[in-house]
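My questions all concern the structure below.
A, B, C and D label the chains in the order they appear, each numbered from 1.
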Amino acid sequence: MEYLTEIKVRGYHADFYGHVNNARYLEFFEEDRWARLESVIDLRQLAARGYVFLIVNINVNYRKAVPVGETLLVSTVLEKVGVRSSTLKQEIVFKRSREVAADALVTFVIIDTTGKAVPMEGEIRCDIEKLFP
Amino acid sequence: MEYLTEIKVRGYHADFYGHVNNARYLEFFEEDRWARLESVIDLRQLAARGYVFLIVNINVNYRKAVPVGETLLVSTVLEKVGVRSSTLKQEIVFKRSREVAADALVTFVIIDTTGKAVPMEGEIRCDIEKLFP
Amino acid sequence: MEYLTEIKVRGYHADFYGHVNNARYLEFFEEDRWARLESVIDLRQLAARGYVFLIVNINVNYRKAVPVGETLLVSTVLEKVGVRSSTLKQEIVFKRSREVAADALVTFVIIDTTGKAVPMEGEIRCDIEKLFP
Amino acid sequence: MEYLTEIKVRGYHADFYGHVNNARYLEFFEEDRWARLESVIDLRQLAARGYVFLIVNINVNYRKAVPVGETLLVSTVLEKVGVRSSTLKQEIVFKRSREVAADALVTFVIIDTTGKAVPMEGEIRCDIEKLFP
């Protein structure tokens, strides 16, 4: 498993209970997706051509509360390429123990200028498989 | 459907694409859960007794992108009470059209001082059914 | 003093210490500025004409820590109209006691399509004085 | 100037205008303060002894809008040690050009269990000067 993103958990990530807040995890997952995308794809160029990545579902399991001071690692792999959508599997683990703090299935589509989801075939399919091997 | 929470979408809720960011939706859902909880339960008192609400899964569908300037409404109903966990169904709709922007199933447990999830029976089950009728 | 914005402090607003996080206050201040702007000005229309509100300085005093459960009120008045910038005075007070939790001086310019700050005179000066009386 | 913190600007950092939102800068500044603190001080231990860092003023200049895709560096130096408060000078610069995107003066006190600001002398003064040389 390759971890592009390392996050040191700070006071401002935590909530009332002193643990990382549910909404923050989605930022950590997003951080790793962007980290992978940016080396291969210029998002602004993609946007200029009228293509937009759109997340349609996130199914996240919160497995272990993360206190301030911990260091986390995030990973992303391609789980499935469907007809018009694809699904990533993302994990956040404790750096020290590699215990899973949270994992998520993230399903996205790519929409064109008409607002329709494009078929995940040909060049686009190749790009996705390159991005998230 | 009862909507306790009304949110005017601001510039700081949006992201690169000018739409509400994925992570923000979780704050909107959380806002409505707290709005319901606070009228019935004193969370700090609950915490003092050693009980903590812990979310274990969120499964969210992003159905329609929300631009800045829109007004959203959030609702929460009890979907299911299980043996040691319960599931809420939450919806975010456009105030004008009542179209669904996002919906989510949110599964939580209540843990005691030993860190174990307590059975959802007796008084606790009654409380949950009162909170999310 | 007129308070357009009322905020119930939730768990996700707090940080490690159980108090509202410094960065969140800026969102509360921003919320009140937008609440005032939206009734008078269509921001997207303004953006379409090439005008952009740009904040150049925020000087914020954190006067009293705000715990989860409190209700806050936010106010905004025009402090000063300068040659090319204007300054707002914003306050966050506890609803119960009207004690000041934080106050800020917020200085902004309005830039046009050339990226230059426009002089705060004529119609623009009138608009600002109408917005923040 | 030593930059402990490097931040790649992502879509979720930006707002309606496609630039880093004002409130996010405070998180970037906070990130660098924590990065410096953690190597020297155990915050939880400090909290256990009853000492709490409390920010009382932030005066931030937004000098140049930061678009998505840029990489930022953050620095922190000690500006002044006063009788009961100290002031840090923090800067966020573009990694490529070293142009200043934002700078801030951040004034903090250290409060003890009585809630009073402790004098910045003796061991505490030494600690601060070690932390932010």
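By definition in this document, contacts are C-beta pairs under 8 Å (C-beta built on N, C-alpha and C of every residue); 3 or more make two chains touch, one makes a residue touch a chain.
Since this is a predicted model, take the numbers as computed values, not measurements.
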item	value
Chain located farthest away, centre of chain B as origin (C-alpha)	D
Chain centre separation (chain C, chain D; CA means) in Å	22
Rounded Å distance, chain A centre to chain D centre (Cα mean)	28
For chain B paired with chain D, centre-to-centre distance based on mean C-alpha positions, whole Å	33
Sites on chain B at which at least two other chains make contact	10-12, 16-17, 22-23, 27, 30, 43, 68
Contact graph of the chains (line, ring, star, complete, other)	complete
Interface residues, chain B side, partner chain A - complex	16-17, 22-24, 26-27, 30, 43, 47, 52, 54-63, 65
Touching residues on chain D, where the partner in the complex is chain B	10-12, 14-18, 21-23, 68
Chain D partner contacts - residues on chain A that touch it in the complex	8, 10-12, 27, 30-31, 34-35, 38, 43-44, 68-69
